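The same chain A turns up in both complexes below, where it pairs with chain B and then with chain C.
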Partner chain A sequence: MKLLRPSKAGTYESNDIYLMLFPGSSGNKLELESVVYETYGKQIKNVIFTTLEAIGVNNVLVKAIDKGALDFTIKARLKTALKRGGIDV
Partner chain B sequence: MEILGYKKDYQLFNGVDLNKKTKFITPQKNNQSKAKVKQNLNDLFSEIELKDGMTLSFHHHLRNGDYVLNFVMQEIARRKVKDITIFASSLFPIHAPLVPLIENGVVTSIYAAFISGPVASAISEGKLQKCVIMHTHGGRARLVESGDVTIDIAFIASPTCDKLGNITGTIGKSACGSLGYAVTDALYAKTTVALTDNLVTNLDSYEIDKKYIDYIISVDSIGDSKGIVSGTTQITKNPLGLKIARLTTEIIKHSGYFKNGFSFQTGAGGISLAVSYYLKQLMLEEDIKGSFASGGITGYLVDMLENDLFEKLYDVQCFDLEAVRSIHENRNHLAISASKYANINDDCIVNDLDFVILGATEIDLDFNVNVTTTSTGEIMGGSGGHSDTAAGANVTIVVSQLFNARIPVIKDKVICKTTPGETIDILVTERGIAINPLRKDLYERLKETNLPIKSIAELKAISDNLIGVPEEIKFADKIIGVVEYRDGSVIDFLYKKSK
Partner chain C sequence: MSNLRRSILFIPGNNPGMLQNADVFDADSVIFDLEDSVSLDEKDSARLLVKEVLDTINFNCEIIVRINPFDTPFYEDDVNLIKNSNANLILLPKASCESVLDLTKRLEATKINIMVLIETAMGVEQVFAILSSSERCKGLMIGGEDLCVDLNCPRTKAGNEIFYARSRLVNCAKALNKFVIDTPFTDTNDEKGLIVDTKFAKSLGFIGKASINPRQIYFINEVFSPTALEIKHAKRIIAAKESALKQGLGVFALDGKMVDLPIIKRAESLLETSRKLGLIKE
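Here is the complex of A and B:
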């Protein structure tokens, strides 16, 4: 599925994540900043990529600024951003 | 293993209360000179010789408002003195000007009970040529009286000083209240210098006696007394924090130690302050009056003193300006020295405590607590009075959210062991409380209540399930410092992180 327009979801509040999505061309890409990058960076990347794949999104650039969100928050914010970008989740 | 700049015959921590000593240096100073006042630091250093390798002491009652350390060290650097050991009770972000002095070898070693800000970062990056020694508040007094550390020159930030050298912290434009950590320095240093911005002719009541003071320098300002209110001094508004505080108050109520004459200490963190708030309600409801509260004193405890809920406050350091006002006005609000507060070899106040409420960055399955580094291993904090009060109090309670912003409090193993688990009795989180298995007596009493008692492993499982297990932080082999327990034994080492 294709992202029709740039979209965003989330906040900069502690325990949340702010996501910006842009239509891309060569696969899913992620630029991640996180307050827990050292301890949970891999886990956050994993959650974002598997969620995108499960929905069938292939060409999206995700810019994520994470303030310590848990996996279910990350998934929920990502799905909302995808919907706002025109993808039927 | 030899650590550069640290005693070679150090002992490793081997249990609480094993290394008490009875032999001390007795302070002999009796300086009755009437000509102690010097014009400025230039004048002073033309009289006392500065040498490479000296140990200079400072105290932190002006906290993040302190101007004295930077003022003195600027002059030391200008005079091209090198290899200085800073023996400070604590260092704060305001002491950032120390960083270039660490980088160019003017300062090569640091002792402190607490370090935050740029100096902590510089040490974590391995910039000190020798090492950092993180002690406790009581351990600092022990270091000096035992002769482990000899202070060459002590600099006392003095809110008011008379021309003979008597010092008080309770009055003056930079009033900070108690001078508890500075007392030991004044008594034992080879040379003691008072820096003041309120030089008066005569003081009738004072905390530090003139006979320990060798020189007095009048300066424009020793600091910003608003800066002593650094860190949290407000009750938390976070509902999870409030829940933890209510659970803690329930524990106090049913612990068996909550009766007339009980004693209490808490820090200035948001949850700890909320415990003071709920405890006050409980004491009024149950008509229970306490004997004393101690430690760093806040307006919340002053309020309880003024409402006759406690008979006395023992104050080693004022955390806010309400406390400063009270220590000046109220004769039941008493300044105490760091030694009287927490020195393992002294008849110290912490041994008389029933309850102490403490924080934690990390706690492990054996209840060992880290308050020295962040959860990713950078120095950010230190024991302060944490290990001292934990060892002394009948009931030591650690309060913390189980996790916040994906940072868990319970780990398999703490990055740095600041306070040994055998001195921690209960962990209180919003999702349950864990009682140290060593305290069967507390478990027996509390199991009769509705309190959500779990094992610490069960609490950790809840946390791991919700947020996942964090990846392990990697450290290089290079030791950058030691953590000293209150008896002077080494309870842990500090390492530089690997790149």
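Here is the complex of A and C:
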């Protein structure tokens, strides 16, 4: 499935994550900023790529600004952004 | 979980920080809100967030989800997602017989029950029929703020304007053996006012009170919990009852006052509540 249009979801509040999605052309890519990058950067990346894969999304660029979101929040925000971008989740 | 509903805390459905800590505030139940606390352009976001939270966290209290009203474009999506969650109850705002029947049908294959929010003049008048319209409908909450909008009167701390509605709702709920929860006290800086309002609700027959701020939970729980004096008195009634039974007496006196079945039932109920709260060990 492909993203039909750029989309966004989430907030800059503590415990949340702000996601911007753009249609890409060479696989799924992620640009991540996080207040807990050193400790949880790998886990955040894993949640994002796993969720994209589970939904069957390819060729999307994800720009993420994380404020300490837990996994379920990352998943929820990503699903929201995908839905807003025209993907049925 | 105590199975009591002394305090029910509203939590905005689009706030991950509050959702993930929902059960630390000591409320007996929490309401994940998809309605008034969520802006129109974030309804989709809140809905998915609440679903993910429910799929992930096993909360130590009853979970209620307030969906959007039946006549909004968000209702169907809310129900379709939340009916596949482990929520205990769905709180249906601006409830009517029609909306309760529709929701009941949609929840057919689930274990989720319904709590109705009565917050219109019509709802107050039709509450008996609304509560009777579905086996899944287990109780109600009165929504004082919206009701006053519908009544076109100011909402005051004294609450005279909702006295009729409160009384009617309690009576209908008790007649149908459903639970009945009072409206929130919205001035979060007025603890004395909160206590007075909560005590008044209790005196009318409400079993608990909704809250919009975690700071209110302690005071609400205090009001709806049996006191040491009440427990002591209830124990004496039960002891006197057992003694009277041995003597073959149906009615007996304690401290010069007649004790009959309603008083015994109330004492038993109070002791049962106290046991659930861990206030007595037997």
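We take it that the second predicted complex is superposed on the first by the 89 of 89 C-alpha atoms of A that agree within 3 Å, B and C clash if a C-alpha of one lies under 4 Å from a C-alpha of the other, contacts with A are read in each partner's own complex, and residues count from 1 in each chain.
Simple rule for what comes next: contacts are C-beta pairs under 8 Å (C-beta built on N, C-alpha and C of every residue); 3 or more make two chains touch, one makes a residue touch a chain.
Fair warning: this is a prediction, and the values are worked out from it, not measured in the lab.
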Problem set entry | chain B versus chain C as contact partner of A:K83, first or second or both or neither | second
Exercise. First (chain B), second (chain C), both or neither: which does A:A9 touch?
Worked result: second
Exercise. First (chain B), second (chain C), both or neither: which does A:D71 touch?
Worked result: both
Exercise. Looking at the overlay, what does A:Q43 touch: chain B (first), chain C (second), both, or neither?
Worked result: first
Exercise. With the two structures laid over each other on chain A, which partner does A:V35 touch: chain B (first), chain C (second), both, or neither?
Worked result: first
For this session: Using the superposition described at the top, list the residues of chain A that contact chain B and also contact chain C.
Result: 14-15, 69-71
Problem set entry | Complex interface listing, chain C residues touching chain A | 15-17, 20, 44-45, 48-49, 51-53, 55-57
Seminar exercise, completed: Touching chain A in the complex, chain B uses residues 375-376, 404-407, 466-468, 470-471, 473
Problem set entry | Contact set on chain A toward chain C in their complex | 9-10, 13-16, 69-73, 75-77, 79-80, 83-84
Problem set entry | Residues of chain A touching chain B in the complex | 14-15, 35-36, 38-43, 67-71
